[in-house]
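Chain lettering (A, B, C and D) follows the sequence in which the chains are written, and residue indices restart at 1 in each chain.
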Amino acid sequence: MTLKRISVIITICFFAIGLLVGQANALEGSYKVGAVFSVTGRASFLGDPEKKTVEMLAEKINATGGIKGKKLELVIYDDEGDATKCNLAVEKLITRDKVCAVIGPSLSGPSLAVISVAEKYETPLVSCAASYKIVYDEKTGKPYKWVFKTPQSDSMAVEAIYTHLKNRGINKIAIMSVTSGFGASGRSELIRLAPEFNMNIVADEKYGPKDTDMTAQLTKIKGVAPAAIVNWSIGPTQVTVTRNWRDLGMAGITLYQSHGFGSRKNIELASGAAEGVFCPLGACNIAELLPANHLQKSVTMDYMKNYMAKHNEPLSSFGGHSWDALMLVVDALKSVGCDKAAIRNYIENQKGFVGQHGLFSFSPDDHNGLTKDAFKMVIVKGDDWALVD
Amino acid sequence: MLRIAKLPIAVFALFIIVFPWIARQIPVIEHYTNIMVFVGIYCLITIGLSLLMGYAGQISIGHAAFFGIGAYVSGILTAKYGMNAWACMVIGMAIAAVVAALVGAPSLKLKGHYLAMATIAFGIIVFIIFNEEIEWTGGPDGMSGIPGLSLFGFEFNSVKRYYYLVWGFVLAVFIFTVNVIQSGTGRALRAIHASEPAASAMGVDVFRFKILVFVYSAVLASLAGSFYAHYLNFINPSTFDLFFSVKLLIMIALGGMHSIWGAIVGTGLITFLSNEWLRYFEEFEIIVYGAILLFVTVLLPDGLAGVPGVVKGWFRKQVSDER
Amino acid sequence: MSADIEENVLELQGVIVTFGGLMALSDLNFKVRRGTIKAIIGPNGAGKTTLFNVITGSFPPTEGTVKFKGRPIQHLKAHKIAALGISRTFQTVELFGNMTVIENVMLGCHTKIRTSFMASGFAVPQSRRKEKQIEESALKILKFIGLADKFKDSADSLPLGEQKLLEIGRALASEPELICLDEPAAGLNETETHVASSLIKAINAKGTTVLLVEHDMKVVMNISNEILVLNYGEKIAEGPPEDVRNSHRVIDAYLGGVA
Amino acid sequence: MEKITLASQLLQYFITGLTVGSVYAMVAVGFNIIYNVTEIINFAQGEFVMLGGLIMVFLHVAMGLSLILAFPATIVLVTLIGILIDRLAIRPIRCPSVLTLIIATIAVSIIIKGTASFIWGKNPFDLPAFSGRNPINILGAVIQPQYFWVIGFLVVTAVALSIFFDRTIMGKAMSACADNPNAASLVGINVKQMVLLSFALSAAIGAVAGITITPISLMEYDRGAMLAVKGFGAAILGGLGSFPGAILGGLIMGSIESFGAGLISSGYKDAFALIVLLVILFFKPSGLMGSVEISRIKRF
């Protein structure tokens, strides 16, 4: 009976605590920036490095005097990759935490789910997700007014891969993709752009994000004997694909991975199987390989060193997207302060901003600001990347 | 008698009506109104599920599929074909009803774990269809551009307006369901739960009632799905995955299987816990969530709806102690 | 022929039930006359409950026909048979423990008065009237079985004797022409047994035909007009109590079982 | 590069299906052990697989323990976790309904997943294959040596379990509990101890599955749930409570996925397996090898 009694009291307390905790404790004289990442859940491989990156950046900014003397205060929420949660989080950031701008979310789905919120409350939102739909309103044919994004669109990665294939004289290809937003978006771009590059897709295979083996799909591809395979996935499945591809003795069919492969961790996990795999990567993944006079050399080297020193894990490309998003906002705050409309205008007119994934030049018609030059083709050699020209 | 008194319903309705006003007075909880919209949407599903699971005793771990059917029918027909949103809502409910009848007819002959697995399988299959039929559903990336709701020129375009719209429906559905429970139908359902052979020997067409209540709960889930789609203006398949079905199950079990009130309390608690109150635990959120769940199941097997009974129990005990 | 139908409420012809090769009932033929109390007795495992299950439609017989008022019913589902006018109780009490005493009886009225799902949901006046009507007739039955003062209690909370009575009351609620009672006196003490047997007589007196499975010979001999004896699924005797009492085969079956 | 023949392709699908199916089968066997004694479907079963993989990685790769030592050590650790679950989550529930118990196991799986993500982070981990990664070519189909380990361990598990249940007192006591717990406790069997043992055993089998599959597919903190669902499907397909059924169910599910992906549509491969499951249930409501009688006795 007593146990039951305690439990009842505790349950009631939960309701009470829920009402009281988390007082909005706005620091006087600080700039508040909201962030929503998929820190846990199915897309934690995105949200985790993104969160670590922005926290690291905020720490550094505040340690070196803040933004024009004011502190940068980050309010980070976790959407767990869920559209509903993301919608609630962004609404809360804007209405309760009263942030100047929002960065994130990590995934395309949740990003699309909060466009209407950003537009409704007229708050700038810099998404860290790739889909072009985030910055393209099908009704008007122009970007949404308040929404930007930093990652390269999948079409740029596809163009980079197709260009490379074309230069090698390959046009008979097979594609593979994971059945998540990332894979599906890449797949649709691969199919959409194929005619433009004269690519003949002879097999179109899929697998689930938690699948343990892709031998069946690869065997089918082996049966139609294409000259190259383009695989579009993130997480452990891309490593499994690489290993299965090697095991099945398919090294004669060149394997192209998407930019999702952009972490040395993947080469390590493939334990030798990734040798000779091509993939398009943004500058921040290959900082050491960049020539010394490259515009992004110093920012990317800086980021890489700091991140690896602090977290003792290889850099992934995703942290770079949140780096770009936060620094774009910080840059705007420096110039115009916490004025939502001014921040929006500032970012829209930003030209030649040196980021982790490229040089950003926005315009009223382009809220992504990158071109396909943002990707460099690399090949796996030993346990590292090597630039391909 | 199982009479749900009118007073609690009136108090509940009053609470719902004044909630946005209270929330606005306290800045810390101002955004709670927004969360309450989702609580309302989920309540539509859990009220129906409570009738199915708590009263008729038929488990379903596949209702996310019906939620999704409502959302996608509304989404596709309004965004792609520009049809009237309210008409689409009804079409969605009709489709959900047909699917529920087709799936329920063979499935509801199964018992216990077998029924659970059959509903899980159905839910996953529908989820895969949402993912794969990209031309219709937009695939894993989802579909955006779903318009908001409006009625005779009145637009439900603010949180508060949508709140009242959704909760108006919740109250209506709640009262309807309570009426059903208090009628012969409710008795028949509880009889099926207690003993199928006895119920059928008393002339209850067990199979018909099971399907009836399965269809009813599916229709409500579909309605909820339509509201969800029009509120978020966006849907993607991951909202309708197996884990959402499990979450619905948790809401009902936590609130208390044998009471419609339990469904509402459980839905509110889980929605607030997972969207708001546990945020402060950050990395540990999921562990705390699991711990609370385990804690409640271990100590309150009847769920939160059992709490008043427990409280009454103390008083009785105290009285008898004093004697 | 028509007189026969009038005369016999229930008629079984060549009923065979097998469970995976095991013969539970073999070629059973018997009739139940209108307005009588017929008892079925036999040692454990004789197939009495199986017989009840076949009559009330829990499962169909492997072969043979069951006729109720001249109409074959062996292919019908249990709830259809209930609607035709056969009602039953269970050997192990199968009350709806999650409901109150009166609700149990009210459920019994299910075949008589129904409201549609929609009508009850919208609480249309007609459905409320029906509900009132059901409540009244349920209370009448509770008075008849002597449980009126406990109508609000949970069915689970009753002592076994009253649970058995309540089960009979629930079976009566559908106003059946034939009521099948499966060991109504099992587990009851002497007083309770007495109450139960007077109740059965009273039911019969109102014109309801009673089919009864019972182990308590005193009850059986006391109240039944006719007795059917089963052993290993076979009919070994049938007739008025005094005839059966003196049948050698019956004595053998019972004593043989003991010895 | 030469083209692969259809026959070789089919063989490849079959072997892949068997391997993936073996893992499902092991999870399904784990479900059955607990179900038979307690009527609970332990939805934390998939977490045992995940823990098996990750603890093995920790002991073998991070701590540098040899395979021979790390393997049993991992099994012992996961078994201990299984025992803890019974003691901390299942036994304290008073007058449990089946649904309460199911929710409790879901809660446990959430806690384990959260703790694992805290300990190991969210990245996947690799384990060296037991006997190298040089694929073997059989009639044009290419097979990783690890596949044989997976299938082999399923066979070992099956044989060990049948010896345990048929030949040992403890095993027979457990089977008795499964048939009728009341009667079992009347003849002096400690039912609580048997419940504990069932959790320990199925945790151990889950660990074996996790250890053997990790070299093929890597392992990360949230892999458990999907494996649990597939394993549950396999157990239901074979008939709850039947060990041969569980193994058959697992292998069928794995094969359908593999053949479905190879021959029809890889996007719908999971749906094929589930549709077959549904069709079988509709015609045989107690699964392929499940007994109607047993499913009547069980409460749920």
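Just so it is clear, a residue touches a chain if its C-beta (ideal position, glycine included) is under 8 Å from a C-beta of that chain, and two chains touch if they have at least 3 such contacts.
In this text, all values refer to a predicted model and were calculated from it rather than measured experimentally.
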Q) Chains in contact with chain C and with chain D: which ones? A) B
Q) Farthest from chain B in C-alpha centre terms, which chain would that be? A) C
Q: Go ahead and note the Å separation of the Cα centroids belonging to chain B and chain C.
A: 41
Q) How many angstrom between the C-alpha centroids of chain D and chain A? A) 35
Q) Taking each chain's centre as the mean position of its Cα atoms, how many Å separate chain A from chain C? A) 71
Q: Could you grab the centroid distance between chain A and chain B? Build each centroid from C-alpha atoms only and quote it in angstrom.
A: 34
Q. Which residue numbers or ranges of chain D touch two or more of the other chains?
A. 117, 267, 270
Q) Among the residues of chain B, which are close enough to touch at least two other chains? A) 128, 131-132, 283, 285-286
Q.
Where in chain A do residues touch two or more of the other chains?
A. 40, 42, 179
Q) Each pair of chains that touch: what are they? A) A-B, A-D, B-C, B-D
Q: Within their complex, state which residues of chain B touch chain C.
A: 1-2, 176-177, 179-180, 182-188, 190-191, 193-195, 197-206, 212, 216, 258
Q.
For a test of understanding, state which residues of chain A touch chain D in their complex under the given definition.
A. 40, 42, 44-45, 48, 179, 205-208, 210-213, 215-217, 219-220, 222-223, 225, 235-236, 239-240, 243, 247-250, 252-253, 265, 268-269, 271-273, 313
Q. How about chain C: which of its residues touch chain B in the complex?
A. 56-58, 77-79, 82-83, 87-88, 90, 94-100, 102-103, 106-111, 113-115, 117, 120-123, 127, 130-131, 134, 152, 170-171, 173-174
Q. Contact residues on chain B for chain A in the complex?
A. 27-31, 34-35, 38, 128, 131-132, 134, 139-142, 144-145, 159, 228, 232-236, 238-239, 269, 272-277, 279-280, 282-283, 285-286, 292, 295-296, 299-300, 304, 307, 310-311, 313-314, 317
Q: Would you tell me which residues of chain D are touching chain B in their complex?
A: 35, 41, 89, 92-100, 103-104, 106-111, 113-115, 117-118, 225, 229, 232-233, 236, 240, 267-268, 270-271, 274-275, 277-278, 281-282, 285-287, 295, 298-300
